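Structures given as structure tokens follow.
Paired with chain B in one complex and with chain C in the other, chain A is shared by the two complexes that follow.
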Partner chain A sequence: MIEAQNITKRFGEFKALNNVSLSVKSGELLALLGPSGSGKTTLLRIIAGLEFPDRGAGRVLFNGEDVTYNPAASRQVGFAFQHYALFRHMTVFENVAFGLRVRPAATRPLETEIRRRVIELLSLVQLDNMDKRFPTQLSGGQRQRVALARALAVQPKVLLLDEPFGALDAKVRKELRRWLRQLHKEIHITSIFVTHDQDEALEVASRVVVMNKGAIEQIGTPEEVYDRPANPFVYNFLGSVNLFHGRVHGGQVHLGNTSLPAPEHPEAQDAPAMIYVRPHEIHVANQSNGQQSLPALIRDVNPAGPLVHIELERLDDGAKFAVELTREQSRNVQLTPGSQVFVELKNLRVFSEDYSI
Partner chain B sequence: MKGRNNELVFYCAPFFVQPNPYEIISINTQKPLTYCRFAVILFPLMRIAREHSPLPGFRLTLGYSVFYLSLIVLIPLGAAFLKTAGMTWGAFVEAVASPRVMASYRLTFGASLIAAVINSVFGLVVAWVLVRYRFPFKRVIDAFVDLPFALPTAVAGIALAAIYSKNGWIGHYLEMVGIKAAFSRLGVVIALTFIGLPFVVRTVQPVLEALEPELEEAAASLGANRWQTFRRVLLPPLYPSLLTGFALAFARALGEYGSVVFISGNMPMRTEITPLLIITKLEQYDYNGATAIAVVMLVFSFALLLGINLLQKWSLKEWSA
Partner chain C sequence: MAGVITRLNKAKRNTRAAQDPAWVRWSLIGVSLAFLGLFLFVPLAAVFTEGLRRGVRVYLAAFQTPDALAAIRLTLLVAVIAVPLNLVFGLAAAWAIAKFEFPGKSLLTTLIDLPFAVSPVISGLIYVLLFGAHGLIGPWLMEHNIQLIFAVPGIVMATLFVTFPFVARELIPVMQSRGNDEEFAALTLGANGWQTFWRVTLPNVKWGLFYGVILCNARAMGEFGAVSVVSGHIRGQTNTMPLHIEILYNEYNYAAAFAVASLLSLLALVTLALKSLIEAQSAEQTQND
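Right after this comes the complex of A and B.
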């Protein structure tokens, strides 16, 4: 169990973390997700001991033990860097063995034991027979796996990964993502990884922590944060989303001439509202469906790929929004650019406008 | 005039190759050109140049390099050899191996080596501080490093002598603990350290800048202490540049004259450096003796630098393998 309690960290005037608390359960794979400057890497580095919180502003606990100001070397954490930080003058083998070789003589394993452990780890990260290579002779994906093996060699209490796939190209990235998830299933080590890529966080993590401006916006399983975002920021950050401006009054939201139920705001009295709808949760039809449908003009249709992407414009105020239909759905409607259609918003989230991002 | 020419041919004789295995035919006259043995080196290079290259200009730049090196370096140095070759063997040995000269070699090479080692250690520290930390007046201190390059060495020598002498600012404290800094061999080392400082700093600095701080963080998170991190992670990549800086500082110290003569006291057999001995001989119109010593220094320096270069090449290969 790794806990960070009430952590504040300033870099000069800039407040990187503002009273952040987080607890990581043993064996889970947690993602810290947020845009750059949200403080996610700083939090990770504070847990690793590569950075310290402001004096008296927060504590870091490893299994209940206060390690806030302990140096990194004494914490037994495995850290993987975005740019791998492999030791270029050492072979893959020596890189992985490093953490074992620098141990004090009393706890250092025998040479044969080191060899056995390194070979075992290299096989775990699927780099058998690569032990004699130098890091420059490996691809990016292989280098990151060496870095992971090196971090795992010290049998860390927690594995910390800072944008582990950030420097890789899209295809390798996806492969490694799946591989990491698989690896975590095998070895069950408590892991925290930082990413700004929402797909990565949602696909790999068992829990996602969404961060923004030095604070945590929401913590939840991937389903929770995606389907029930706590606030407009999370809504915006996770996946593409359409924003409509309307008014909310007594449990009903008014959007142009349509009104839709907004049961989460029963007391609202004609307050300005922001309505969030994901592009794939909008139904498009050629005929009006009465009260609930909104007239719109088709601006553009892009049918390439598994989804048909449509750009629409509201007839009443000219606001643009996007819709994604499956190919199946798109067959039931006439999608000619310039023609008028009716859209129905399903699964919308209404936030009253006084909430500021 | 004719006699002089003959002389030249005579001295150049060891360089001629008859017959030349890589005989070069003149394009214009179709006659074999007999050049010095350098042709053996040049010929393969020229063959490379004849093939079409995506980087044109090889012949022009190589030609210029050879011309320039000859004019500035090889011909003057060659002249020293020529001059020396006019001596009888006995006179040569007497000039270069007398006890006073031998003592000066020991001092010159020994003090230069010590100074270069000191500079390697402290140059690395200075480079480290300048690269890794931010502090007030960093730029000013960075600029200070180059001062030994710019300052007339005589000025440095006089200043150092004044400060380290018996009643100087630092010297009188050293005197209290029984150390005689100026007008001793220690003084020579101090002067040579001063003039050699920038070399190591300036060669190590860019390499250190290119080393990501993440390497240190990775080592720390793997449990390495500071010394292990330095020894196993930072030093190996710095080694080639450190060696280059060492070689430059060493070479510079070997030839240093201006600053040393003011601080060493110039006592024969004790604090007399070889360059000073050469000047002394010149002042006594013993040109042969002076060049003979110069030739010996030249050969030794060249051998040492070549050795260091090879070591550096080897270590570079080790690092980037």
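Right after this comes the complex of A and C.
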């Protein structure tokens, strides 16, 4: 169990972390997700002992023990860097063996034991027979796996990964994500990884921490943060979303001539509302469906890929929005650019400035 | 793979260069070669021919006088003291500047360049003003029977000052471009500061360090101005090779002067050879990165 309590960290005038608290359960795979400058990497480095919180501003606990100002070397953490930080003058073998070789003589394993452990780890990260190579002779994905093996060699209490796949191309990144998830299933080590890529966080992590401007916006399982975002920031940051401006009054949201139920705002009195709807949660039809349908013009249709992407424009105020239909759904409706259709917002989320939940 | 890319790049560069008209290329090459030949190669050749003009025997005899031997010994002694010290100072300064943030960092960076900016004669004079008989600390030193100026310690200090920037200047850009990640990685793996330095930092900068050291050594052996001011030119005692050459020359002993000069020139050639060797080595290393 790893806890960060009320951590504040300033770099000069810039407040990187503002009273952040987080607890990481043993064995979980946690993602710190946020845009750059959100403080996610700073939080990770404070847990690692590569940065320290401002004096008196927060504590870091490893299994209840206060390690806030302990140096990194004493914390038994495994850290993987975005650019791998492999020792470039050492072979793969020596890189992985490093953490064992620098131990004091009393706890240093015998050479035969070091060899056995390194070979075992290289096999775990699927780099058998690569032990004599130098880092420069490996691909990016292989380098990051060496870095992971090196971090795991010291049997860390927690594995910390700073944008581990950030420097890799899209295809390798996807492979490594799946591989990391698999690896975590095999060895169950408490792991925290930092990413700005929402797909990565949602796909790999068992819990996601969404961060923004040095604070935590929401913590939850991938389903929770995606399906029930706590606030407009999380909605915007996780996946594409359409924003409509309307008004909310007594549990009903009014959008142009339509009115839709907004049960989460029963007491709102004609307050301005922001209505968030994901592109795949909008139904498109050629015929009006009464009160709940919103007339719109088709601007553009892009049928490439598994989904059909449609750009629409509201007839009443000209606001543009996007819709994604499956190919199946798109067959039931006439989609000609320039023609009029009716859309129905299926799963909308209303945030009101006056009365927000 | 890296090799293939370099070759491709080279091929690309060549085709682009080939688009310039031939006369532009050849006149540029011609001008540079003529300049180098006139101002560098001819004088260098002259040093050796002048030294050998009166035969090999006279040439070798120039090194066998007690004064010449003393000068060579002193030069080596100064280099043996100054180079290791500046290796340590330069490494420490480069480390501090490249890896830490601290108040006064930009001042330190500027100070490192000071010996380059100041004329060596002035650096020598500063030592005389400080430690000489009429200097600030001079009387106190005399009371305690410590002689720095017009003695070997003064020469060592002047050389230390003049050669200080070489190692640090070579290392700072190398260390800055490498960043701190490898050191951080070593720390998280449980290495202490000492282990991190010997196993990670030092191997990473070894070529830059070596290069800085040979430049530092060349300057330490060849320094004239600063050493000339503090040495007092006592034959057999405080004359280094460059000072010895000057004395021989002023006494119209050309053959001997050029003979000793040729020895210093040889040092320069060896330095250049080592330098290009190192550059080839480190280029190979960066190519692989």
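Quick note on the criterion: the second predicted complex is superposed on the first by the 353 of 357 C-alpha atoms of A that agree within 3 Å, B and C clash if a C-alpha of one lies under 4 Å from a C-alpha of the other, contacts with A are read in each partner's own complex, and residues count from 1 in each chain.
Quick note on the criterion: a residue touches a chain if its C-beta (ideal position, glycine included) is under 8 Å from a C-beta of that chain, and two chains touch if they have at least 3 such contacts.
Since the structure is predicted, the reported quantities are computational estimates derived from the model, not experimental observations.
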Superposed partners chain B and chain C on chain A - clash or fit: clash
Chain B versus chain C as contact partner of A:Ile187, first or second or both or neither: neither
Chain B versus chain C as contact partner of A:Val154, first or second or both or neither: both
Which of chain B and chain C A:Phe79 touches, first, second, both or neither: both
24-32, 42-50 or 150-158: stretch of chain B that collides with chain C: 150-158
Shared contact residues on chain A - chain B and chain C: 48-50, 71-79, 81, 83, 85-89, 98-99, 102-103, 134, 136, 147, 150-151, 153-154
Residue numbers on chain C that touch chain A, as the complex places them: 2, 181-182, 184-192, 195, 199-200, 203-204, 288-289
Residue ranges of chain A in contact with chain C within the complex: 48-50, 71-79, 81, 83, 85-89, 98-99, 102-103, 134, 136-137, 147, 150-151, 153-154
Contact set on chain A toward chain B in their complex: 48-50, 71-79, 81, 83, 85-89, 98-99, 101-103, 134, 136, 147, 150-151, 153-154
Footprint of chain A on chain B - complex, ascending: 212, 214-215, 217-225, 228, 232-233, 236-237, 318-321
